[in-house]
Structure formats: C-alpha cells, structure tokens
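Once you scroll down, you'll see the structures, which are given as structure tokens.
Paired with chain B in one complex and with chain C in the other, chain A is shared by the two complexes that follow.
This part shows the complex of A and B:
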C-alpha cells in the first residue's frame, strides 16, 4: 500500500513516501502531492520507506521532478534504499535528472 | 710411462750431497733439479749433528724404462758403500712402477682425471704424500710441506670429525674417514598441465641412494680421493603421483602404465601421464549459385536480314520462374572432446548458410534452396552466413515512352523497345535498356543504362542509389544493435529485487521505454527519431514493407500514447525485422554500375561506374566514378572520370573548348588532340595551342604534368 507524509517548513517541503512507488501510487503523486509541494522553493522526496518501484512509478517521478523544476523549484531525492538505487542506476536516473538529484 | 731419474743423497752439507748425487747420476748440474729435503743440523759440539739430505732429479725429456733408470742406482750401490743404505731405500720407492692398484669398481666418479693427475705429480712425493691402502688413508709427511687432498665429488669426507670442503692439506696425524652411511637423494617430480587442460606431463629426476667406498691409491702429493660409488635406485611413489593428479582435478585420460614407467625410470625425463580428447572441428556450410551473377557481353550477332549487328550486346542476368537460385550444403558440426577434468570441450561453432528471401524469392521448407517465384533479375547479398536473395521484376515496354504511355517508374529492370520522347522520364531501381533515341528526357537507373540510340538534351543518372536507402542504412544498423542492448538491459532490470514488472503486462513496454530512451539509450532515441523523419519525408516512394516498419517504429517507441511495444517478444521481432531491412539495402553491390551509350549530345550524364561511348559526344557534360572511354570524336564539353579517360579524338578546330579532367592519380589518353583542348590532372592543367597526337597526360612523382 502507498501512503505519504509531507513535512513542511518555511523553506522546504519533505515528502516521505511509504510503500511501493508503482503504477497505482503514481496518481496520488500527480494529483495530491504535486499541487501542495509546488508552493515551496525546495522539495525533497524521501525514499527511505520505498521498497519497490516499477517503470510507471519511475516515469512519474521523472515527470514530477521535471515539472517542479520548470516552476523554478529545487528538487532532491534522498534516502534511497540500495536495492532501489540499483534500479535507478540501471535506468541511469542520474543521467536523466542530473547528478545533483540525489544530493 | 714417464720415468724420472732421481736420487737422494746425504752429506755433511748440501753442496757435498749434491756433488755426490751428480757423480752417481753421471749428469751435470745444469741437467738436474735439486731439492733439499732436510737441511740437517749442526748439533752441539758435533754431537747429534744431522746430515743434510737432498734429492736430485734429472730434468729429462727422454723416456727411460725402469731398467735403464735403475742402472745408475745399481752402480751407486757398488761405488759407494757409505750411502748404500739410504740410497737403496729411496731408489726402491722411486723406481718401482707407479701403477696404482686397479680400481675394484668400474663406477668411479673421480677415476680417470684423478689418476692422470696422480701420474704427473709423482715427482713431489718427497714433500710428503697421501695414499689409500686397503681402504685406509695413509699419510706421510717427510718434508716441510704437507700433502694435499681434494675430497671426492658427491661423497662426504671427514677430517677429525668435520666434513672436508674443497682442497685441504693434511698432516700425518689427521684422521680421515669417508662417510660410510648411504647418502639419499630423493627423486624429484612435478606435474605440469597445459592451458587447454588436455595434457598432464610428469617431469621426473630419479632418486638414488649412494654409497661410497675408498679406492686404493698410491702415495701422492695431491690426492683427489678416488672413490667407487654404488647406487641404489629409489623409485618415485606412484600413489603420491596419482593423488596429486587427483588434487589437480585430473580424472580423465589417465594412463596408469605411463605413470608406472615414469616412476621406475632411472633417467630424468618427461612422461605424458594423462591426455584428454581434443574436440574434432567441423566445417561451415557452403552454397552454390545457379545463375550468372555478372552482366555478360555477347559476341556480334547476325540480324534477320543477314547483316551483322556489330554493336556489342550486353545482357543482364535473368532467372525464370521456378528456377533454383541457390543451393546450400549444411554445416558439418564438430565432435566435442573431453579435457583432463572430464569437462566437455566444444568444437568451434559452425554455421550453416541461412537463406533470407527478399522480393520474388521463396525458400524451400528445409531452408536449403532459394527459388525464384517470378522472372527477373536475381540479386544476392551475403553478410556473414546470411544470404539475402531477391529477384527484381522486369518491365518490358513496347514502343516509345511518350505522352500516351506516361512516365515509367519501376521497382526492377526496365526494357524499352522504342525511344523516349521530350519531357518524359524513365526511372528504375534496377537497370534500364532503351533501344531508341532519347531526347530532352530524364533517365535514372540504379544499376546500369544501355542506350542504343542517341541521347540528346537528356539528363542521365546511373548508379545513384536511392537517397532514402543511403540515409537509413546506418540508422537501421544502429537501431538493430541498440535494440539488442535494450533487450539485455530489460532482462537485467527484471533480475533486480526492487523492480516490479507487473505494470508492463498492463501497460506495455511504453513506460519503461520512455525512461530508457531518455537515459541509457539516448542514442537509440536519436536513431529512431531520424529514421521516422526520413520515412515521413519519403513516404511516397516506400512500399508496404517499409511503411509498416516505419509505423511499428513510431508507435512502438516514439509515440507512446498507445503504450508502445507490448512486450519483449515484440521487441525481439522488431529487432529481427530491422536487421532484415538493413540487409536488403546494404552489403556489397552485387551488380556492376555502368552506362553504355552510343552518341551523347548536349546531355548531362553522371554515372557511378564506367561510361563507354560507342560513337562520340558533342558538347556534353559527363561525370563518372569509373573510366570514360569514347570510340568516336569528343567535341566540346566537360568530361570528368575518376579512374581515367581514354579517347580516340578530342577537341574541335577553332571551336568550342573541350575540357578533360581526372584526379591526380589518374590519366588521360587520346590519339588525337585538337588545339584549344584543356587537359587537367589533379590541380595541374594544360591547354593545347596546337594539335597533338598520342598524348598520355599524367603527373610524375614530383607532381609535374607529363603530356606524352
């Protein structure tokens, strides 16, 4: 199952995902989370509780990051678990979203 | 044997002793060597005085028998009673034949060299000597110098309990003893396995237990201790060898008898104790073609009215419906072998010829024959072990190409029995043959053009490949190789723990492809996009096969609104299709490109191969990548040929300029050149001011233009 929590401060919003980031959770990301966090200059996506991903989920993350950046926001992905990072590496996410995405 | 004559004398002093000796030997002082053995002593008040003892040896080159040597000694005995005793004793020793006791053992490590040395050093015995009698050392030190000893090789000799190393001097009270315990030298062996694990070699140096015993030897100043050696062979432990083989993992091809022989060998050597079975190599498949692959020239033929047609007739290769174009012989697979570890060794993989059917060709069910399913011109392209066959159809057009027939555009070969009227166009992806005249028209052939009539005000292009194919050829190769990498990347993803594949079943590969094409496979994305653009631009000239491929490519990868390719199976099918299309446009040109023309006037001809003009040219522009040859007269115009120009007559007297141009490595030959003609080779050009004949223009090695 997929859940999320948003920790807000004045400067940044940290979205902590819990569960699998896949085709089903994608909608939540696009419809619920994006409108809220796009108010903040710095958005952090926390993956510490994400254990599985699929191609649709990754596609959505990429789209979300792209959109936030277009709106002039600073976006980071943090606390990625090693097994998920393996998938990111195979897909060369660093290449797509830039080296600084995981800072 | 060399005998020395020497005598030992005693007297009150050395001088007297020598004199006495010289008298006895009956030689002069210059002929002897004098050695003072005991300088003697004065004693106290004449009591206890010792006599001086000298040894006088005749320096002689002659060989004396023992008898002759003893003569003066005998006479000395008679002449001098006083010296009888000492002289007699000493003479006995010196003159006795110095043959050492014969060695009891034939195996003797130091025997011959040592014995020779003994003989030659016999003279200095009086400095003391060492010998062996009855297996015991016997040391005598009569003078001020001590005898020398060299221990035997291999054996251990103790002096006073410690082993002797190297040459030493010995004193009479030294206790010398040869080690009586046997010395063991164990055999040494190792097993060597070659890189292919097909041979195990046992290298051995046999071991021995050696016992040494002293051999008797007469007294010598320097004794190289003669010993006899007894060896007992120590065989190598077979069990150990077998165990080591096992440890090395050798389980196949072991030869127990060879191991036995090796372990019992008393000579060092190398034994192959295990051998695998190498693989037997097979052979690749082969094929034979069953049609003429080259355009052939026919000899002149007689016309129906009895006259002879001297124009050369060129015929394209053709095949008829049902003709077997290619037969293949399958590959002969090899036989696997086994290595020492009992692992199979695979022979080098062999490949059968794979037949791929292009247009107009069908492959028999067994895959071994390609059959033409229509008449036309067969084409073969080979890429590795893949043979792509097609039969281009042939269009025979009776009569002229005019407003009534319309332009001709044909995928295949075109034959026109008439001429081509002004404004008309003939285009073929194969070759074109036109019997009649061509005026103010356009002719484009992918392979060759044979024009039997005149070309006037006509645009001719021969051998220019379809531009679309030129553009997409590298793209297709890129797409097919990248798709293969894409397939393995997807496979790899499927093996990671954190990646879920379920959505792919629901949505297709689209979502994954979009991520991959943005990241790892950016270059594939570029190639796909460029192909798609090319296909859209050239849509009009594409056939169904290409159109359908372009559609799959676009909606499978680029436009993902419908989800893209469904699954990996579709991806694989796409890759194979890409490869097949690539094969149909690439590969070595299987047919020659050329233009055979009669007379060219005010026309523009470009040709990818040779151009031959039978009658002549007037004010034409000809560019050819091969050789240009014209039989008649070439008047006016510009002519370029990459491989050289051969003309009969060129230029016009006082008329328009004729320019002949070739690259720097090529040449221009002409039998007759009129004034005003310009010849250019590389960057050097020359204009003839007056007529010349038999020119051969080319650059010399300095880059200077030579004309004749």
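This part shows the complex of A and C:
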C-alpha cells in the first residue's frame, strides 16, 4: 500500500508518504507528485509514515531528489523511521545526496 | 469455431443447429444426452483427456433424462483441459439459473427467445474463448522463455572452487525465474583469488539483463586491475557508460574480495552491500563493511579498499540483502540474527554450511544469494 498527502504553504511543499516505497510507487511519484511539488522552491519529503523502502524505492528517491535539484529546488528528507534509516545508511544515502539532505 | 449442442430433444437440436448454420457457424456437433457429450469430450468413465477436444463452446440443455445439464457442466468445468471452455445453458425455466451458474455456466439462452439473442450470446462467448486461448498461449510461451533464460543465467555461474587451502560454495535462490543477483569467482594467479557478489536493484528480467551484461565484463576487469578500489571505480564507470543514459535509476550493490593466500590478507570493496561476515578461528565475526556508494548512480565516486589480515583458518560469508531483510523490520537485527546462526554452524563443511543457510533464507520473498569461502591452514 502506498499513499501520499501534500501540505502546501507559499514557500514549501511537504510530501507526506504513507506505506511502502517500492517499484509500485514509481508512477505516482513521477506523474502525480513531481509535477505538483516542482512549483515550490522548497520541497520536504516526509517519511514519518513509511515503514519499508526496497532497492527500487531507494532508486526512486535518488531520482526524485536529483530531478528537483536540477530544477533549482531545495530538497530535504525528514522524519525517517529508524528501520528505514538503516537501509538508507547501508546504501550510503548521505554520500549520494549529500549530508544536508537530512537537515 | 466448433460448437457442441447438447439436448435430448431432436427438434431443439435441429432448430439450434439451423439457426447457427444460417449465421455462418459451420462446425457444429450435436449430442442427445449428457453422457454422449462427455464421450465427445473424451471424458467417458471419469477419464481426463490428455488433449482437449476442439470445441470453442457448448450449448447445454438443463433438463435431460439420466444425467442433467448441471451435473454435466460441473464435471466438464472440473476437468483441467476444459477449464476455459465456455458453457451456455439452454433452458426454459428460470428456477434453474442459480444452480446452473453455480456449476460454472457463463450464460444462458431461454428457449423460445428470438434468434438474435442466441446468436449474440454465442458470439460473445466464442470471442471470450478466443481471447483466453491467445492469452494462455502467450503466457505459456513467456514462461518457457523465462525458464530458458534462467538456464542461461545459471550457466555463467562458476562451479565450486575446491582447493586444499581454499573452498568456495554458493547457493542461488530466485523468487522470479531470473534475478539480478550474481556471483563470480576466479583464480587470478598462484596465490590470489577474486570473489564477487552483486545485487542489481529491482527484480526479474530487467535486473537479470543488467547483471548478465556486467558479468561479461568481470573476467577481464579483475584480472587486469586486481586492486579492489580500482575494480570498484572501473565497475562504476562501466555501469554508468552502459546505463547512465537511462531515466530509470539503475544501480547495483556489490562486494568484492581479493584474497591473497601468500600475504594472508583480504583486500575488498563493499559498494552499499550488506557487510560480509568473516569468522576467523574462534573469534566473533568481523564485518567487511561498506567502503563506498552503490555503483551506477554517480558518475564520479570515491573508493577505497578495505584491508583485513587473517591467519589460520576461517570462513567468509557473503550474501544479498534478501537473506537479512524483512519488510518493516530492522535490517541490522536481521544481520545480527544471521551472524548468530552462521556462527553456530561455522564448523560445518563449507557446502553443508551454505545449504543450511539457504534453508535459513527460505520463505523470503526476495532473491537470495549466498557465497561462503572456507580458508584452510
């Protein structure tokens, strides 16, 4: 199961993901979420309701962050649960996206 | 298009046959009882025919002496070759409907209804049957292709290395027919071996294609370069050259060990892969931990070789994340659990050790690959 909610203010969009982030979530992220949030200067990806991210999900996150940054957006990932952070750490997300991704 | 009409009334049989013939259906057979119909289907005496008789549709009367249409329908639908054969009931009594549909009929035609009703229902049932047949044959073809692909993928896997001072065994468990997991080992020279385990992100066919293309580069790469940190750079460069243009995020995690038996030293890189577990003598497992990011994501990466000296005998366990990952649970707890189990059985012969671990990994939905290296004194 995968769902999301976008909280918007003038300056930023917060995407609150819910459920598992895997290959199935790709289309939603690409087609529904990206076009909406790329209008905002600051995008926060909130993982408080994400309990599992698999290897495809990691790929999706990297691509999403890369694309938003290429468009000049500031991107942060926040509220990552410990079990998900373990997977992020194993795959060196900090090295790939930069330490400031979690600020 | 072949249709079997079953009715105990000769008049009804003649009527339906005539309507269908006039509409252009030429291959029409008739049976005047359920028993006779079963005979046509090769099902006499409860037999299951090896090959289905070539019917695309059965029109089946419900009320007949001896076996009725509902019982016959139940028997036909329970017979594997006829699972997808549509049956339309011919009836003049709506009271039979519930039971008739329960037995597996897809439609009904009321006797005495206008011809176009019969023809429309027959036409849509036959169209449905044709579509099902096409889809089924595609599925079977695809499955055969995948099974062949699996065989091809397995042929490039190395057979166990069995030398007095070093033994290498592996287990390969795929959740799909093919997967992106791949292991590789080779003797580089008299006293050095290279061992690699890679896991391409994602599952199934696309991951398998990527792992096979990477596999074709390995032999040359590890023999020409040898130093793990440089092999890592080269593998990243190749991944990026091959797949960097794709909009999909294609990457792999890998662990590579260069085992030097003369210097009694292991040099390795670990690109985002779960830690290798090194059990030496009676000591606690030493983790061969990450030395850099997964490969294929970034054009430029920094890499370094990890170094692990050893003396005497020991075992090194490499595995893909499928062995330690349970969705929504901590992966480090999974690694610890594996470490405890592997430590308990570490003195088993190397082949038994990997077999036991494969059983440990059973029931996981992900692909699992296990490589164990036994170093002897």
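Quick notes
Throughout what follows, the second predicted complex is superposed on the first by the 103 of 103 C-alpha atoms of A that agree within 3 Å, B and C clash if a C-alpha of one lies under 4 Å from a C-alpha of the other, contacts with A are read in each partner's own complex, and residues count from 1 in each chain.
Please note the rule applied: a contact is a pair of C-beta atoms (placed from the backbone, for glycine too) under 8 Å apart; a residue touches a chain by one contact, two chains touch by 3 or more.
Worth saying up front: this structure is predicted, and the values here are computed from it rather than measured.
The superposition on chain A brings chain B into a clash with chain C. In the superposed model, A:90 lies in contact with both chain B and chain C.
When the two complexes are overlaid on their common chain A, residue A:58 makes contact with chain B and with chain C alike.
By the touch criterion stated above, A:49 is placed in contact with neither chain B nor chain C. Once the two complexes are laid over each other on the shared chain, residue contacts for A:20 go to chain B and to chain C alike. Steric collision with chain B, judged by C-alpha atoms after aligning on chain A, is confined to one stretch of chain C among 41-49, 59-67, 113-121 or 293-301, namely 293-301. Annotation: chain A residues 20, 23, 51-52, 54-56, 58-59, 62, 83, 86-87, 90-92, 95-96 touch chain B in one complex and chain C in the other.
Contact residues on chain B toward chain A in their complex (touch as defined above): 489, 492-493, 496-504, 506-507, 511-512, 514-516, 518-520, 522.
Contact residues on chain A toward chain B in their complex (touch as defined above): 20, 22-23, 51-59, 62, 81, 83-84, 86-87, 90-93, 95-96.
Per the touch definition, chain C reaches chain A in the complex via residues 199, 201-203, 247-251, 253, 272, 274, 290, 292-294, 297-298, 321, 325, 327-332. Interface residues of chain A facing chain C in the complex, by the touch rule stated above, are 20, 23, 51-52, 54-56, 58-60, 62-63, 82-83, 86-87, 90-92, 95-96.
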